[in-house]
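Same chain, two partners: subunit A is paired with subunit B first, then with subunit C.
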Partner chain A sequence: MAAVGKSVARKDGIGKATGGAKYADDLTFPGMLFGRTIRSTIPRGRVRSVKLDFDTAGFTIVDHRDVPAKNAVDLMSQDQPFLVETEVRHMAEPILLLAHEDKEKLSAARVEIEYDEEAPLFDPEQSTQVFKAIDIVKGDVAAALAKADVIVEGTYRTGHQEHIYIEPNGVIAVPEDGGIAIYGSVQCPFYVIKALRCMLGSAHPNVRVIQTETGGGFGGKEEYPSIIAGHAVLLALKSGRPVKIIYDRVEDMVATTKRHPAIVRHRTGLTRDGKLVAMDVDVLLDGGAYVTLSPTVLSRGCIHAAGPYSCDDTRIQGRAVFTNTPPNGAFRGFGAPQTEFAVEVHMDRIAEQLGIDPVELRRINALRPGDRTATGQTLRDDCSAHMVLEEAVKRTDFTRKRREYRGTNRTIGLSLFYHGAGFTGAGERNLKSKARLELTLTGVRIATGSTEIGQGTRTMHAQIVTDALAIPYESVEVAQPDTSRVADSGPTVASRTCMVVGKILEECALEMKEKLGGLTPAEYYARSGGLTVERMYEPPDWIQWDDNTYLGDAYATYGWGCDVVELEVDPDTYEVRPLRITAVQEFGRPIHPALARGQIEGGTAQGMGYALLERVVMRDGAMANSTLTNYTIPTTLDMPEVDVVMLENPYPGGPFGAKGLGELPMDGPAPAVVNALRHMGLDVREIPATPELIAACGTIA
Partner chain B sequence: MRYDRVKFTLNGAVRDVAAPPAARLIDVLREECGLTGTKEGCGEGECGACTVLVDGEPVCSCIVPVAQVAGAEVTTIEGLNGEHPLQKLFMDEVGAQCGICTPGMIMAALSLGPAPSLDDVRTALAGNLCRCTGYSAIYRAVMKWRGMPIPETAGAT
Partner chain C sequence: MRTAVSELDLRSTASLDDALRILRDERRTPLAGATDLYVGLNFGTLPQRAFLDIWAVDELRGVAERGDALVLGALATYTSLIRSPLVQRRLPMLVEAARQVGGVQIQNRGTIGGNIANGSPAGDSLPVFAAADAVIVLRSADSERRIPITEYYTGYRATVMRPDELIVAIEVPPVEGRQWFRKVGTRAAQAISKIVVAGVRSAKPSVAYGSVAPTVVRVPRTEEALAAGAGIDAAVSVLETEIKPIDDIRSTAEYRLRVATNLLRRFWAETA
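Moving on to the complex of A and B:
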């Protein structure tokens, strides 16, 4: 019985529905203390003095001097301290840590911090401190612009977005024999290990990270948990007791990472009949106060900035810059939702100026197999831009509705988008991810660091192993990620967990099948004892990438999507009521159709929030609306029906033809919404398109 | 701090707890009673992850002082004993992804009448946030439980 391609029973069991599944805050350990983080209340300056204004009996108190080795979070750069020494770069920056066994006493403790304040920098356009600059040059854009019949220019802006995983961040550090264990809500247990090794140095070698059931991540638990884990470990080392740090919602919103705000400028040359001849794109990302992952977010953003279109002469320049705001970081889509919003809204503005139907403009220019992307990558047969476009147009009766809705308060718009799967360029080769299969008495156990954060990792990996090994699905178990006993399969990010880690598991299973030689696991065990197979990822050998020029095969493959949004706008209040979304997406082949559909429905909802609702208000460098009362995400009443269409175009390098899926659905909704608004005469070029913003963009005919 | 004795029925059994009268019901449930199936997402009654039934009505246990449930019947997700058909349907229909909103979502759904329309389901769950699913799979689970036809676009895969 094949498992791949079927919506088989999930490996999660029933625990999530009975309340039995254990999340970080559900765990307690004997003698456990609670930890609290004292944070900066200014966006920029220097700490002059710290005064403890409480009875310190029973408290464990930690500052930067308690860091055993290096006070730096080891990520892409080592610029961010676990705890402020003197320099404060943003609001809510951690300065001091407290722990106590009594939560009431802990929260009542008062700490007075005096600062020498400095003038903060909030405007990324004024920032001269560049974390990363990228310049992608294909052909000669200046010459091509000079020859173009028509030039269309525009500037597009996207705001911060907060992840709002429903389980806030949290970890517990537990001293154990000869070391320390960290239990936590994390996407990337091995990132935490890397950061802790740097912080602890050689004095504390035995560190392990165990992922607890994780209540959503979306990128928000990619890099930030390393900081919380560091804090809990410092308190645990000093007190000698387990320490639990769970953020409340406000702290999570004020202090942790968000999606990078972006300003994207387009200058595009076309022939009079709509052929793209020159695309000149400039991308500016607000990185916030530390580097975090901004260079790679910028990289993915720039690579996707020309959209799924063919244009011989293209230049994409990008910068991620410093500001005195909390650092921005990973969020589903990783730079692409920002730049694909810009290019897709720009395409509809081009269509408007040329008097060409927006579908026709995309038909003329959308990438086909054999075409070259902005980085000069020649696309293979798994390019489906035209397939998703035609299916979406047909399924929604787009052209007729577009015509009929004109002049009413109902409208319809679309977006065409793509998303590269896996790490960029040479990333997967450098990562050297590993996966392991262990024979058990009754079957096999998958042992990887890939985390289940709701998307279905356990189930989907087990399906792949089941079919490759030709054993019953029920005999495949999945180990809880514990860095001391699973293979480092790389981070659970970048739409790579199915396509990349799933591929290694498929190869492990094939190797194990050969070694079993036709014996069942029990028979093999009886004859030869245990068996473990571990393999490393080998990206396709044709991938060529130059990290200096940003030219080459940026991704092994891409997922493709076309979203159509129908909505109504209240002519008096400018409130938008989405009526129906059609999401046509091609991502190779769904391993588990119901889980895949869940990724599309959920990603589409996040995209609708990004488009219309989710506005982060920054005041004096801090998020001013840091509660779910005034930062609103889509509820049941905000989300319309989503018609999901999953098209197949297998990627030969993925397990059973699968590509990555997780991020693709995030890219499409915002431009489709704004393009629908444009069809009503509302010249929106920014998200979130709140009623106030829309009202300033025109009147409804 | 003053501790009062508060007596209520929890999942069918009488409980008598000592707690400050203003203690949040969620803390009493999770810490005093050891029932961690009730989750905290926001602490201000906005996300619904902490939904429990008090005398059959769904409430956010993070904004209910324990004194308020004196003499009442409180039902948490554990009170369903893992036997409620909605629990399995949430997993099978992928109405649960990360699962953190699931206990509250299920408790809120229990307030629905026997033949709900999709709009009834939407309204009943409007106070429960889910960031993973976009809600469609939750509708599929609930409608299937109530034996109601599933609209085409929220249909089974």
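Moving on to the complex of A and C:
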């Protein structure tokens, strides 16, 4: 009857397959209005005047003066307004809100805004406004560089990336008895609550957020929904009616967050036979116009910037800076895909310069249990860098193919990567996440704020509870996240929902099992009535972390991966055709093999898009190719088969040995692709490696 | 949908005569598969408000031989072209092009009349028709004109077609020589061409490019160099001066020119 380790039916499967599942835009409420956002059309300046060029009868109109308490989105910093007061910092910044019951009248309404324009800043290297700076020092990098036999330097660049969740952002604010309810496509319902409390102040205490079925997030619905929810609430308060705001694809792409572009510089010292002796890394992230989550994206990016390698003397410096572009934010991988791209491409350049096989270079340097990471964390037995590397090399016959493809238009490359699971350092301790289990007439109900966004939260949590309680999987239900009813289990981000929230649920289930004293839930209910167990997360007690120096145990555990990409390049058009991808990943233990495979295949596809296709064209500070036609994510014809290999190396602190998996697969594909291109003689140091870029990097056999 | 749909005025007819009478008497935009028009409606960029749906005009759907010409009805869809033994035999480069249009849904709904009338320089059937010296048959309530495709476009998305006319057919004369087609899209499928080429290898070779100019273009000076036996290197040098592609959100002038020349070489090598 065990559910863990089996690909049981998804809890949300039938509803989604039959169309019964309700997404935000499927819901209507009596008297509901539609909301629309009027946005800036300049990247920087001041609003001089706003003129309503339409018959305002039947319209609800909101500007910054309608904000009850504080016109600031309460995130890491309170620098971003819900609505512009006078200063415009980026294109498509919200200035005015309109609502009407007729969508067509709403979209026909014309608003003329005059500005005093100022010269915008687009180049992060020219920016002097630093949102966050980080300096991680281990040993003495200058001294070590001075003693190195060889020094290899390089600069690597990554572009914006758009999430392209299949369902665009959308929320509905519904006034209800003594308060207001927000239904929406969100990853983190309690983040929305926090932002609304700040915006509304004490006059409006009763706010609840209900997560509707959500068509993907990838980080794009981590912080941004707070803004849309704020807008819908302002319109609902003013009109006294429910207000629905659903972005169309263009608005979603132009206005909402993207992955931070990065420029990463490496200066690396080695012995002649390939041992890393010094790594000096500099990371620059383009944060866009407001702080949003840039400090933590930078932190995760920097922590992963030295790659899964052992090197005694390292220094990683990072900055996230201001530019006049829409704010960048959370995106699967959270800074690590950028920095791991850089270090993995750099490793292949080192191998080339030293004349060492790139696999051998990694064998010499990859982390082992007992080694210390760049933050000084001593790794435990759940470190699997060598295991994934050897498996990938063997399975793909890498060395032979590498030799045989030389001089042809076919090539092969690999990347070795890792990803910390859960919040960084003391983050999980500070979060104090809670989970709750409630006895029902027939079984139990899971009541957490963790959201199902397609990745399988409900199913995976139910499996963990099923086995810990030893009851049938079918008797475990999962409550729809409603902040007034569920425990705040922390945000659904950072590859933490299985490892951290799953762990609390496992403990809740064990406690409940003890309390049931051998009775089935139905028997207990009949005798004693309800029973609720709520517990808080206890991170491992050995975690030591210093938030000032960034030294210590950055993450309780890491997932490990090695991707091998085989591809062909058309010598006339420079188009890349991936032929085969092998994704060897170790993430403790798969709770649900089919869902885990889905995460790896999907993350790999997203990584291939990042590597080759997905180019955000910025013009005057706005995305110029904001359609699915012109911002090209991979289709099935662009993706080859992915040979997924799931290796196990249990993490004792996770439920049934599980670590986090969500982000790991995103880190590997881009460097593997670019390393394959390098093996063909193409000196690519930037992604996306579009045919236009490749054409400029050399010629092909 | 950014266009106010309730303000749209749609008529439809199943008869060609009817359609032409309506177009004579009223200002209406014809609508065939609507795969291009719908995009404009969705983005709110379409100025027109009155439409005439001609999808049901079956007499415009056929593919036939008339005299020595291959005659393709304007409403022929990509799927019907792919399946037509006649097209497969006489114009395989059109089958090749049709297979690479959008995805299956678009191939089922999109028509060649729509592709030509829409006039995007990236339209994938256009270089094929240009290389094959096709003639566009335009009809109005009281007249019919036949315009070679190379004279059909007057500028970016501008054509000689009058508002009272419909494209009824495309006539393709016999094509002598080996046909060749290559699309370079922004990805492997569901892609707009960054550059698209069709060529016919004969004593008088013909080559046409899409996405390198405001309209589809033949490259007569390059063709002459090829015909004169000047060698592919010489022809490539001519081509480099004959087309002037531009930068846009999908690609760069530099890439387009380089790939255009590479593909000329490949055409020449693969049809030798």
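Throughout what follows, the second predicted complex is superposed on the first by the 699 of 701 C-alpha atoms of A that agree within 3 Å, B and C clash if a C-alpha of one lies under 4 Å from a C-alpha of the other, contacts with A are read in each partner's own complex, and residues count from 1 in each chain.
Just so it is clear, contacts are C-beta pairs under 8 Å (C-beta built on N, C-alpha and C of every residue); 3 or more make two chains touch, one makes a residue touch a chain.
Note that the coordinates shown come from a computational prediction; the quantities given were computed from them, not determined experimentally.
In the superposition on chain A, A:248 makes contact with both subunit B and subunit C. Touch criterion not met for A:671: it reaches neither subunit B nor subunit C. Contact with both subunit B and subunit C is seen for A:635 once the two complexes are overlaid on the shared chain. Touch criterion not met for A:561: it reaches neither subunit B nor subunit C. Of the two partner chains, neither subunit B nor subunit C is touched by A:653. For subunit A, the partner with contacts to more residues, out of subunit B and subunit C, is B.
Of the two partner chains placed around the shared chain by superposition, neither subunit B nor subunit C is touched by A:621. In the overlay built on the shared chain, the residue A:335 is in contact with neither subunit B nor subunit C. By the touch criterion defined above, A:288 lies against neither subunit B nor subunit C after alignment on the C-alpha atoms of chain A. When the two complexes are overlaid on their common chain A, residue A:574 makes contact with subunit C while staying clear of subunit B. Across the two superposed structures, the residue set of subunit A contacted by subunit B and also by subunit C is 104, 248, 627, 629, 634-637.
Residues 1, 30, 35-44, 46-47, 49, 76-78, 80, 82, 86-88, 90-94, 96-103, 106, 121-123, 125-137, 151-154, 157 of subunit B are the ones touching subunit A in the complex.
Of all the residues in subunit A, the ones that touch subunit C in their complex are 104, 107-108, 248, 250, 571-575, 577, 613, 617, 624-625, 627, 629-630, 632, 634-638, 691-692, 695-696.
Of all residues in subunit A, those touching subunit B in their complex are 7, 9-10, 12-23, 25-26, 104, 163-168, 213-218, 248-249, 453-456, 580, 593-595, 597-598, 601-606, 627-629, 633-637, 639, 641-644. By the touch criterion stated above, subunit C contacts subunit A in their complex at residues 2, 4-7, 43-44, 103, 182, 184, 186-192, 249-252, 254-255, 258-259, 262-263, 265-266.
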